[in-house]
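You will see two complexes here that share chain A, one where it goes with chain B and one where it goes with chain C.
Let's look at the complex of A and B:
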């Protein structure tokens, strides 16, 4: 057992309001630079939709992730010799227009325009060339546009959803959609790391953050294609790849990443997960339908004495183990079985988890869900027992998260409904009857667990949402300099190149 | 000192020292600036036809030059039959033409694509002109002074080896026509430009990728412990 720690984020999609505050916080902090204008390390998509960059889930086109072969798994993008052969032209690289042409406005025209009959306007210009452009796309161009034939109907996750249901999802004034915030998944089996010919991308052993060493990056661009989530970006100005760094400078001083910290809906949780690195290969090579189960299997129980012992042998200190025991992510993923990674079938073992959204459970009014002839107290159970009629089809959620495994999603939704119904009965009706208890049992949960889920879902304090281990930067400084005060008063860590394009 | 000495004795050594020293400095101290500076994100259609043809064409031609240099005897034997000589020369010329075609597309792309213009530096233009001149003079020689692979073994090969063995014989070059001298001299210009341009990306060809493990994990803590231990060891010595 090779126990390692991982900082993981959890997105409670049932609470996401799609406000893009996370994206803006991230943009202001990290990607408000030349060459990075088009990058959104954090973006929020409307689903069903095509996302950003457009159609990123179409792996026949972008060739991201891993695929199973007769010996194990291989990158979908390339064999090793093919990587060298494709250095001069990478056929699977998205073009700038697949993201969007970044733009700004010529604000100085508002001040410099000569006196005339009309108000001056600030025309849009390209942030790349500076030329006037027609803005034709943006990072969230299809925001709230679900149901549209241009965007929503091209969502590859609708595969297997019947035409009739698709029609219902796009019905005017009854359009169904949910929001999907995405950051780098900091995978356990990252395809970007494996695809980098220079070996510039690596995973930090201590907390699992996947980073690009820009000194070593040579712009071979394979990481961009190989990442199935399209979360590595190419800075066209500096000629280096960049990606989400999980705000590690913030985490190291005990602050949440900017996206999580600024989240208005408070949908994001962060915490430590312990995992067994020896089993990564086993988990990544599993059959499609077992992908998620195997991934869960390698996440370890931080209360198990054997795990604690192995963790300590691996240099994980008490602070981290304690933090892993408090981790809200561990609770949702492993104890309550309520969270799934995005597209488990990509085999990268994504370590950011999602609680799927709970839609109003009804197909159409005609299906007669809110029938007047059933007693009011029966309505709840009608919802609970008719998940196949969910407005956001289970098949769709399964394609999006669990690699098509509907059973996983169904169990999660039943548990979420059980929490909702149980708490409503308790607070509105004031009584928990036998029918409710039977429902709780059939959702494979208990009143105690429901109470705990309810508390962590709706009433958590910031300290409960973000449980940070002590990173001990002071000890790192001691290890390097001996005297922690040796560099006090210095301006920096030495000679650092400005991040500019080479000649 | 005659021009011949300056260009074919002094220039080679100066440019080699500059190229090696400059490249070592840049790849160690200014590593961030070392990149192939791909513009595929900004424009990809023309790049496909240009980059693919140019790179493979020029790689083949350079390899041929190199092989010629290290095993001239093989070429002599091969060229013993006229048919084989023609075959070799035509293949070489076609490969050069392929590279030239690709280069012309790349130059056209640099000039016409607005997005690519934005990231084009002065040094990029210098390199494009140098490469263009080198390929054109090379093809000119192949066509006008038939056949390079035949007479090259008695001129080009001994001259380069004389440089490598530090007993320069520039007099071998002196009687040659201007184009040949120019083609040779241009190579020193390449060496000089090498560390100061995007050409450095050539030395970063990622060959280790063929054998390295898929995943790479870096331990900050362990590295730090290692550094600390090294320091302690050094202090105790």
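Let's look at the complex of A and C:
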């Protein structure tokens, strides 16, 4: 057993309101720079939709992630011999159009325009060239299913969803969508790391953050193709690749990443997970439908004395173990079995987890909106018992998260519904009847567990949502940076060490 | 894959370091050898043409021993730093060789060598160097590097062009050598000059790898045989024409390239509208 620690984030999608505050916080902190205008290390997508960059999940086009072959797994992008042969030829890259051409507006026209008959307007200009452009796309172009239906209807996750249900999902007054915030998944088996010809990308030992060493990066851009989530970006100005760094400088001083800290809906949780690095290969090579179960298997119980002993042997100190025991992510993922990674079938063992969203409260249980012939107190159970009729199809959510395994999603949704119905009965009706208790049992949970899930889902304090281990970075500061006060008084903007192109 | 690429890049870096070290260190070593000792300076820079005994080579390089002009230190300095060409008369004989400028010599070195020459205390003997008559065909092979130099020095064609070995078979780093024998005033002078190449660029290259006697004779014979050859076309023009034609072909190919480009995902999607 090779126990290591990982900082993981959990997204409670049932709480996400799609406000993009996380994206803006991240943009302001990290990517408000030349060459990084088009990058959104954190972005929020509307689902169904094609997301950002457009159609990133279509791996036949972008060739990201891993695929099984007769020996084990290999990058979908290329095998090793092919990587050498095609070192200068990588056509699987997203184009600027697949992201979007970053734009701003020529505001000075509002002040400088000569006097005329019409009100002057600020015309859109490209943030790259400065020339006037027609805006054709943006980082959330299909937000709330806006604009054209082509984006939603081309969502690769609709595969296997019947034509009839697809039609229903787009019908007026029955339209349904959910939000999907995405950051780098800081995978346990990262394809970007495996694809880099320069060895510039690495997974940090102490907390599993995947980072690009800008001094080593030689702009091969294999990471961009290989990452199935398209979360590595190429900075055209510095000639280096960049990606989400999980705000490690903030985590090291005990603050949540900017996206999590700024989250209005408080959907994000952060905590330590302990995992067994010896099992990564076994987990990554599993059959598609077992991917999620195997990934859960390699996440270890931080209360198990054997795990604690092995962790200490690996140099994980008491502070980290203690933090892992209080981790909200561990509770949701392993104790309550409520969270799934995004696209488990990519075999990268993504370490950011999602609680899938429940369908909107008013549900289409039969043909109409709400069946009027059943008693009000029965309506809840009706949905509970016929999840296959949920407005967000189970098949769709399974394609999105669990690699097509519907059973996993059904169990989670059933448990979430049980929490909702149980708490509604308790607070609105004031009584818990036998029917409710029977439902709780059939959802494979208990009233105590429901209470705990409810408290951590709806009423957590900031200290309960973000449980940070002591990094003790202050002790290493002198060794790493020399004089720790050298930058005191700086404004904190710009480069300390500008990236240089080439070797 | 990373390991293989790293291996390649490490080998590449090692190789380039080696090349850089060769380029940087060799002239440094040669420079370190140059001392203010007049005799050493003479042996290194002058004796190949003016001979160790200071008697020169008849018809090409005038003697320094007994030459009244060398008593004028200012004249010597001018000739050494600026070179000398065209026929001159010394002690009633006419000489028509070419002396390149020795810009790399320091003032102290020039003063030392001037004093050495003026003292007229040349080593006796050595001036009667007689070489076997060379073979022009062998000389051409040596020039082209087809016959390797005995002491592993670089082939002439690496830097020079001569006669019909132009452009793609010769290089233009050094001067064209077609009329070398004419400029130096005969095969004997060429052979003598090659025993210690006079230019600052060549010296470090041949410092540890002198051209063997027989090779010098062959090369001299070769240079004499081509001394009245006509250069048909300037190598620069040929390279320029080749470059322009190559560029046109490349641009033509590039024009064709976008037609087979696979449309991006967003492009395909928006074309559905």
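Note that in this section the second predicted complex is superposed on the first by the 463 of 503 C-alpha atoms of A that agree within 3 Å, B and C clash if a C-alpha of one lies under 4 Å from a C-alpha of the other, contacts with A are read in each partner's own complex, and residues count from 1 in each chain.
Going forward, a contact is a pair of C-beta atoms (placed from the backbone, for glycine too) under 8 Å apart; a residue touches a chain by one contact, two chains touch by 3 or more.
Keep in mind it's a predicted model, so treat the numbers as computed, not measured.
*Asks:* With the two structures overlaid on chain A, would chain B and chain C clash, or do they fit side by side?
*Replies:* clash
*Asks:* Go through the superposed model and pick first if A:95 touches only chain B, second if only chain C, both, or neither.
*Replies:* Touch partners of A:95: chain B and chain C.
*Asks:* Go through the superposed model and pick first if A:198 touches only chain B, second if only chain C, both, or neither.
*Replies:* The answer is both, since A:198 touches chain B and chain C.
*Asks:* Once chain A of both complexes is superposed, is A:314 in touch with chain B (first), chain C (second), both, or neither?
*Replies:* neither
*Asks:* Is A:337 touching anything from chain B or chain C once the two structures are fitted on A? First, second, both or neither.
*Replies:* neither
*Asks:* Count the residues of chain A touched by chain B and by chain C, then name the partner with the higher count.
*Replies:* So, of the two partners, B touches more residues of chain A.
*Asks:* Determine, under the contact definition given at the top, whether A:385 touches first (chain B), second (chain C), both, or neither.
*Replies:* neither
*Asks:* Taking the superposition on A as described, I'd like to know which of chain B and chain C A:50 touches: first, second, both or neither.
*Replies:* After superposing on A, A:50 lies in contact with chain C but is clear of chain B.
*Asks:* What is the contact status of A:234 with respect to chain B (first) and chain C (second): first, second, both, or neither?
*Replies:* A:234: touches chain B, not chain C.
*Asks:* Considering only touches as defined above, state whether A:151 meets chain B (first), chain C (second), both or neither.
*Replies:* The second partner, chain C, only.
*Asks:* Just checking: does A:84 make contact with chain B only, chain C only, both, or neither of them? Give me first, second, both or neither.
*Replies:* After superposing on A, A:84 lies in contact with both chain B and chain C.
*Asks:* For chain B, sort through 99-107, 117-125, 189-197 or 225-233 and name the stretch that clashes with chain C after the overlay.
*Replies:* With the two structures superposed, the offending stretch of chain B is 99-107.
*Asks:* Between chain B and chain C, which residues of chain A are contacted by each of them?
*Replies:* 80, 83-84, 87, 91, 94-95, 196-199, 503
*Asks:* Which residues, counting only chain B, touch chain A once they are in their complex?
*Replies:* Its residues touching chain A are 29-44, 47-48, 51-52, 55-56, 114-115, 117-119, 121, 123, 196-198, 200-201, 204-210, 212, 214-222, 224-225, 227-228, 231.
*Asks:* Considering the complex alone, what residue numbers of chain A touch chain B?
*Replies:* Residues 80-81, 83-84, 87-91, 93-96, 128-131, 189-190, 193-194, 196-199, 201-206, 214-221, 234, 236-240, 315, 476, 479-480, 482, 495, 497, 499-503.
*Asks:* Chain A touches which residues of chain C in the complex?
*Replies:* These residues of chain C touch chain A: 1-2, 4-6, 9, 262, 264-267, 269-270, 272-273.
*Asks:* Going by the contact rule set out above, which residues of chain A touch chain C in the complex?
*Replies:* My answer: residues 50, 53-55, 58, 61-62, 80, 83-84, 87, 91, 94-95, 97-98, 136-137, 148, 150-151, 154, 196-199, 503.
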